[in-house]
Amino acid sequence: MDVNEIKSQFPIFSKKINGKSLVYLDSSNSSQKPISVINRLNNFYKNEFSNIGRSIHSLAVNATNKFEETRVSVKNFINAKFKEEIIFTKNATEAINLVATTFGQQNIKEGDEIIITELEHHSNYVPWHFLRENKKAIIKFAPINNDGDIIIEELQKLVTSKTKIIAVTHLSNVTGTIVPIKEIVEIARKKNIPVLVDGCQSAPHIKIDVLDLDCDFYAFSGHKVYGPTGVGILYAKRKWLEKLPPYIGGGAMISEVKKNKITYAPLPEKYEAGTMPTAEVITFNESIKFMESIGINNLMKHEKEITDYALEKLKKINSVKIIGNPKNKAGVISFTIKGIHPHDIATILDEDGVAIRAGHHCCQIFHEKMNLTATARASIGVYNTKDDIDILCKAIKNCQKIFDLK
Amino acid sequence: MDVNEIKSQFPIFSKKINGKSLVYLDSSNSSQKPISVINRLNNFYKNEFSNIGRSIHSLAVNATNKFEETRVSVKNFINAKFKEEIIFTKNATEAINLVATTFGQQNIKEGDEIIITELEHHSNYVPWHFLRENKKAIIKFAPINNDGDIIIEELQKLVTSKTKIIAVTHLSNVTGTIVPIKEIVEIARKKNIPVLVDGCQSAPHIKIDVLDLDCDFYAFSGHKVYGPTGVGILYAKRKWLEKLPPYIGGGAMISEVKKNKITYAPLPEKYEAGTMPTAEVITFNESIKFMESIGINNLMKHEKEITDYALEKLKKINSVKIIGNPKNKAGVISFTIKGIHPHDIATILDEDGVAIRAGHHCCQIFHEKMNLTATARASIGVYNTKDDIDILCKAIKNCQKIFDLK
Amino acid sequence: MDLKELYQDIILEHGKSPRNLGKCEGYNHDAKGYNPLCGDKVHIYLKLDNKKKVESLTFEGEGCAISLASASIMTELVNGKSFDEAKDIMSSFLNMIKNTSEIKSNHLDDDQKTKLMSLSGVKQFPMRVKCATLSWHTFVSALEGKKKEVNTEQID
Amino acid sequence: MDLKELYQDIILEHGKSPRNLGKCEGYNHDAKGYNPLCGDKVHIYLKLDNKKKVESLTFEGEGCAISLASASIMTELVNGKSFDEAKDIMSSFLNMIKNTSEIKSNHLDDDQKTKLMSLSGVKQFPMRVKCATLSWHTFVSALEGKKKEVNTEQID
């Protein structure tokens, strides 16, 4: 994999930020977009735009076909069995809410238990919290250790006959922990408990195979996988989508509508009410093609190389502390610098063109557990180079200089 | 207003459909996009892309500011009082579901009544149907007359002490009926009943002033107002947004997250969970600028001229029957041709490059009422010309020739 | 694409005056089909004799010229066929619409094949394929005694 | 943009060793402030005497250098001021950060103005304005005896 060739596919890297070249280390938040994706969107609006499904003129037929092609690509990308198991939402957050709401409506009653973990993003906690509020369900948090690994034995101990669902991230957006989903599914299977996987951070960075994981639900966002904003993806085993009630109601998700009765459309339309993010879904096909053009193994190898290099170099800076040390770690590096608040770090780094994120990264539970209020986070995408890391480290040293710590 | 100049701003009209120039008469479904909108999207991804709100690097600051600028533009566009009253969703359907779900959660119990009308799009019926199913609420349909006008006195009679909300379209997507919202709000005000207005078809075509309408909720979609897909808008009076529970839960809509307690962010973030359709919202500002560059009065005048011309010409074709004859009609013309099914009409018209829609247009209640299973619909946008109407009429005559009716 | 191929005279004629309309007497199988996109509906009535031969086959429905013509032609061609023959004709029809351009079934004579081939114009109009196939899927559903309504959104 | 202006020595020094930390004895007003974006928190403790003069003013908080320095400097400058003087200093500070580049209040001497002006670098860093203003808004909330927590997302 030639990273410079890949980087050159991203127009934004030819721009200057504060007079400096952009060192983008905020891909866990959202990735930059390659020109093929940008062009697809542009051309769709220029030459092909139409709403899908409802009209039968040529533009609509074309758009509908293209839309369904993306569904097939996504199915293949995550190795699902049926294309009807792929539901498009606006983001991963909506996808998780869809499951929590519809599953909860049908299966959660007072006193029922939901297991999540201390690693979860708010988007995989708040939707379950709603069930706690509205249905008097109980949320149990599987604990993590100081390395940022979920303690699987402790998770296992939380399972009772009242456990109705386990929802867990595949890859932490704070520590980069890669969670052993298969072990968790194995525990769940024994008790017939469905498992939802938050794949927001895994989809862009590691090989996804939902059949192999054998999870019931898998949610991710297009914008983190080199795709446009406005598209989320929910994979769910067909049996669930058939059994669960609909989520958003409106046009396109119905079959027959009478004054006293409504029947719903078959899958996947049942869950795709109203005008979809048509252009975005169609464009997302190019993002998958981009991922495939690199090859997930090459991508993983490259990102590991950059991550290892970054860890090594950061560890050499005395006052830098890296948060978590998981067994399997992807390219998400959260850190603190003694004496400098992450917010100040982010501002100072930005002056050098280095974009990182500071804060709790939507993981307050994790930060509370680790006794932190905020961390700085550098996260790696396929376009990052060792040069980027060198610039990051130099910028960190500049923080220390400004704060007179060196 | 120079329609040819305006048309030239839409790249799609330089394309050929089946070798013919595109006559796009499906704007009620979704409008085409002007080059300024397409370019804004393109440039945002190329030069400025970042997620908003969460990061503090320069790209994120810029994106966040631009995002909020759209909110202010939308506020001004519909004459809302506060920018916090503008919530971005994925489409109007989600916006209506947001209200039905959160309002229903707090205010609807068994036996409570919801008034909608026989003109409603499925997106303004199914969300209320969910409350009927889940809360045993009652839906009452305000009847329409044969002209396609809501019979206001009959609506008034439906109001009882159990009426909790009235949800009504501003402009019918089948008949083009412009509904006298102010009269309905007046009825509702007397009994302190909130009113939701489905503004999907009104926002692109008539002047919107939510303060003047004095409605509680107003929902519309960006993609019908010359904007990108993936953006919906909910306006709601601040008191409602403050009082109602959140809808989708996740990142960005929270304030403090603890293991046993979650507090929510202030408005508007409370209702904007997860990564928003960032690029789309930012781009939508250009759509509003496009509308403003024309001027709503010029636009209305032009569309009225084309609509009147179309009605006149269509009425001259013997076998064509126009559905509805409302007091105030916008550029939505549904019709049938004796002896030819709308589906066949749409296919034949498409061969002449004329894009219309055939079916029930997500309004089965209306079609049932009118004893129809399907209609053909030609709907007008700002770019349509009298030539378009001439080509439409010629293509209709071709249908008749093929079906040997002439 | 060619409208003349889609709307051949025989299609228009069957569309205008469909054969075998209504409920056939003594039907012992029936099934409903629905295309939610355009509202096309069909209700198939089938009388199978005790050897599972199609003794009579009729339909009620509303829809476009293509869907009515397809149902009408189907009732003509399948009447009198055995269970297996009927299914063979159906797959050969679907195969013609979706893949090849010929009718391969051995259970139709040349005139019948020509009649069926009048629907082949649909191939060029992908959004109309479901119009042509709805009645056939619904017929098979009746034949096999399935209870669920056929919905075009669930068939490929 | 200039980091040196943002991180002037006096800011760094106050950030490292904030003055008036903790709960002041006998406080009769207090208020909390929170910035959900970065997690900055502040808790203001205020003792007003019976003439509504600020008798003592302290704070607890966690946050970046800017937010700590701003709180620290505020407690120094506002201590001993009357209710109206304190509010005047606060609006003059907000006005400096958002609009003009000078402190117009008559209730500060030149040294005090210079000290407050050390926060002016924030103007060039829009995402950091809330860090600088959180403690001030929270102080006013305490002063006016408001019960609601100040949330930076609700203030402009």
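For reference, chains read A, B, C and D in written order, and residue numbers begin at 1 within each chain.
In the analysis below, contacts are C-beta pairs under 8 Å (C-beta built on N, C-alpha and C of every residue); 3 or more make two chains touch, one makes a residue touch a chain.
Bear in mind that the values here come from a model prediction, so they are computed numbers and not experimental data.
Touching chain A and chain B together: C, D. Of the two chain pairs shown, A-D and A-C, the one joined by more C-beta contacts is A-D. For the pair chain A and chain D, the distance between C-alpha centroids works out to 38 Å. For this pair, chain A with chain C, the centres built from the Cα atoms lie 46 Å apart. Measuring from the averaged C-alpha position of chain B to that of chain C gives a distance of 38 Å. Taking each chain's centre as the mean of its C-alpha atoms, chain C lies 79 Å from chain D. Residues of chain A found to touch two or more other chains are 18, 54, 56, 60, 254, 256, 343, 347, 358-359, 364. For chain D, the set of residues touching two or more other chains reads 37-38, 127-128.
Which chains touch which is summed up as A-B, A-C, A-D, B-C, B-D. By the touch criterion stated above, chain B contacts chain D in their complex at residues 53-54, 56, 60-61, 64-65, 254-256, 265-266, 269. In the complex of the two chains, the chain C residues touching chain B come out as 1, 3, 6-7, 12, 16, 37-41, 62-66, 125, 127-128, 131.
Remark: chain A residues 18, 339-344, 347-348, 351, 358-360, 364, 367, 373-374, 402-404 touch chain D in the complex.
Interface of chain C with chain A (complex): residues 34, 36-38, 126-128, 151, 153-154.
Residue ranges of chain A in contact with chain B, taken from their complex: 11-12, 15, 17-18, 22, 26, 29-30, 32-33, 35, 37-38, 41-42, 45-51, 54-60, 89-94, 96-97, 100, 105, 121-127, 129-130, 134, 139, 141, 221, 223, 228-232, 246, 248-254, 256-259, 262, 273-280, 343, 346-347, 349-350, 354-359, 361-362, 364-365, 368.
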